[in-house]
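One structure, as structure tokens, below. Some questions next.
Naming follows writing order (A, B, C, D and E), and every chain is counted from residue 1.
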Amino acid sequence: MTRRVRLWILAVGGAGLAALLVAACLELPGFGGTSHPYGDRAVRASLARRTANTIASINFDQRAFDTLGEMSILFASVLGTVVLLRQTRDERRAKPEPAYVALPVRRYALIVLPVALLTGLYVIAHGQLSPGGGFQGGVVAATALHLLYLGADYRALERIRPVGLYEVGDALAASAYLVTGLAGLIGGAAFLANTLLPYGTFNTLSSGGTVPLLNAAIGMEVACAVVVLLARFLDQAVEIEQEGGT
Amino acid sequence: MSVLPYLVAVWIFLVGCYGIATSRNLIHAVGCLAVCQSATYVLLLAVGYRDGGTAPVFSDVKPGSRPVVDPVVQALALTDVVVGATVTALLLALVMQVSKRHGTVDPDELSELRG
Amino acid sequence: MNRRAALSGALEVLAWWAALMALWLVLISAPATLELVVGAAAALVGALAAGGARRAVSGR
Amino acid sequence: MDDPLIVVTLLLVAACATAAVAVRDPERQALVLAVLGTTLAVLFTVLQAPDVALSQLAVGSALTPLLLLLSVRKVRRRGRKKDKAR
Amino acid sequence: MNGWTVAATAALAGGVGATVWGVATGPLRRRVVAQNLSTSLACPSLLLLAQGYDRPSYVDPALVLALLGPVGTLVFARLLAEDLEKDPPKAPWLTYAASGFGAVVVLVLCVVGGPDRAMGKLLVTGALLVGGNLIASRALAGGIAGSRHG
């Protein structure tokens, strides 16, 4: 099974797949068409529950169970990464040396870190009003924390970021999402049903019933998950070395 | 040319598959997989587009005053972008393990190693 | 000595909190009471992170 | 399809995706993937999906490149040791 | 297709298109500068689109791009420091041109928008964009010395 034979099989298979896909594209309804049955119903349902951002209403209200699935995939992949990248017996942890970083770059990192953290929290908090939500805001907040590694060095980041706390935060947020769902069940309606809280006035922070709560839970979960993920990658790339000392 | 977005999505998908199949470095293959995933986002959002429509986010526009695009496909693409990133991280962790155990990340070299 | 250091640390966090609160007011569209409460909490988190970051970098 | 903006952004994304695959070195590919993330975010904004654009920006601009480069650094340091040992 | 979207199309086709070509070919130092430029050209385009589509809420993605774009370039400056040390990028005029373009776009939009709350967000985005762009190019040009463990 030489490389040349494999390339031939790839070429033939690829050409066949391309032909079928292009034929399918020609049958699709035209780009920019006006028939969007699900979209119109989703917008109507979101406005009925006074959630300004329809996409947040879909994610955390109409299809909250699907988002539960997405969150568990995210949790499982972070769990897998933590297990895979643990420090094995034949490895030792070397202390990271302080790196030279120019003063303006360091000052920029120290200034932008809180601004990015605040923007991340703003994106999470206004998830059900303006564009944004738990997923995006969580990643922005987590990336903000790692400005310390970019602006200074890994030792400074380790001093400010206790990984255990973020692992607990990750688990807590995931269970908060579940508890909010169970609360719907206990409240007499269905699991993750948005019938518990009043829908509030349109276009305000307290509108949309349980959407803001689920949004905040997902935001915290994604932020903690990304911090734990990057902590393991940074450990492997910067600190952990083979016994032979690479 | 109302079929261009679909053709671009198909092109990106095929280019990504070609990249994965002929890659000589597993980290490069994971990057090509990320390209394949972005093809699905382009297709999803192209399906949901409406001419002259705007985003169904009514924080700064009155509901019903302007035609809106389909929000359902946006909700699908949104969560998938973030989950795709963490799955990419899991794949990179696997590549690190392969590199640790077999000392190489070239898929051809890997297939010849036994045990 | 550490009382004065603690005082300057607290002053710095307060300064960061005020700056981040101003930024929050710029970001939001309408200053309702709930928005201000959430903004104050978020600004506090940001200010504590800023203080911690500066100490982590300087305390080599 | 009267909108040249959509055509320009689509071709930009297609070119950037092709470049991301054509570049074989992982470090240089991380650079092209970062630019691909930015062009995708612009395409999503043109297709009226600001939420997805925000999500792609948050993930594609800093997180994915950092993950790719850290794994390249880990794999390359192991490789250097292997060459020395040989 | 009002004036704003035409300007955005031109900025995207000319500017971001050139950066895509720049990041895919050539020496490493030019690719890194091209990546930095792609952020500092895409953010004003997003702002122009926000104005062209008459949707003030589209400024949020532009704000996050102005915030995280330079952070991405810092990631490259930090982790490619060893390779960049050999021939550091020395094309400051390109970066200044891009920051100038960004500043001009933000000022024009502020003038058009009038002194309301949205102008504050525009000014914050502009400040973050220009500041981040200059600091990132400073970091690329040798601001972060490569060290094995750092």
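As a working rule, a contact is a pair of C-beta atoms (placed from the backbone, for glycine too) under 8 Å apart; a residue touches a chain by one contact, two chains touch by 3 or more.
Every value quoted in this text rests on a predicted model; they were computed, and no experiment measured them.
Novice: Strictly by the touch rule at the top, which chains does chain B share as contacts with chain E?
Specialist: Both chain B and chain E are touched by A, D, going by the contact rule given at the top.
Novice: Over the chains that touch one another, what is the least number of steps taking chain B to chain C?
Specialist: Steps on the shortest route: 2.
Novice: Would you mind telling me which chain pair, A-C or B-D, is linked by more contacting C-beta pairs?
Specialist: Between the chain pairs A-C and B-D, B-D carries more contacts.
Novice: Where centres are the averaged C-alpha coordinates, which chain has the largest centre distance to chain E?
Specialist: Most distant chain from chain E: C.
Novice: What whole-number Å value describes the gap between the mean CA coordinates of chain D and chain E?
Specialist: 16
Novice: So, what's the distance in Å between the C-alpha centres of chain E and chain A?
Specialist: Those two chain centres are 24 Å apart.
Novice: What whole-Å value do you get for the distance between chain C and chain D if each is reduced to the mean of its CA atoms?
Specialist: 34
Novice: Where does chain C touch two or more other chains at once, residue-wise?
Specialist: Touching at least two other chains: 23, 27, 29.
Novice: Can you pull out the residues of chain D that are in contact with at least two other chains?
Specialist: 1, 30, 48, 50-51, 53-55, 57-59, 62-63, 66-67, 70-71, 73-74, 78, in rising order.
Novice: Mind pulling the chain E residues that touch 2 or more other chains?
Specialist: Each of 53, 55, 57-58, 60-61, 63-64, 68, 71, 75 in chain E touches at least two other chains.
Novice: Going by the touch definition at the top, which pairs of chains touch each other?
Specialist: A-B, A-C, A-D, A-E, B-D, B-E, C-E, D-E
Novice: What part of chain A is in contact with chain C in the complex they form?
Specialist: Checking each residue of chain A against chain C gives 98, 106, 110, 113-115, 117-119, 121-122, 125-126, 130, 145, 148, 151-152, 155-157, 159-160, 204-206.
Novice: So in the complex, the part of chain B that touches chain D is made up of which residues?
Specialist: Residues of chain B touching chain D: 1-2, 4-5, 8, 11-12, 15-16, 18-19, 23-25, 27-28, 30-32, 34-35, 38-39, 41-42, 45-46, 48-49, 53-55, 57, 69, 74, 77-78, 81-82, 84-85, 88-89, 92-93, 95-96, 99-100, 103-105.
Novice: So in the complex, which bits of chain B are touching chain A?
Specialist: Within the complex, chain B contacts chain A at residues 2-7, 10, 13-14, 17-18, 21-22, 46-51, 55-60, 63, 67-72, 74-75, 78-83, 85-87, 89-90, 92-94, 96-97, 100, 108.
Novice: Taking the complex as given, what residues does chain A use to touch chain B?
Specialist: 3, 6-7, 10, 14, 17-18, 21-22, 25-26, 28, 30-34, 36, 38-39, 42-43, 46-47, 52-55, 58-59, 63, 66-67, 70, 73-74, 77-78, 80-81, 84-85, 126, 129-131, 133, 135-136, 138-139, 203, 222, 225-226, 229, 232-233, 236, 242
Novice: For the complex, which residues does chain C have touching chain A?
Specialist: Listed in rising order, the residues are 16, 20, 23-24, 27-29, 32, 34-35, 38, 42-43, 45-47, 49-50, 52-54, 56-57, 59-60.
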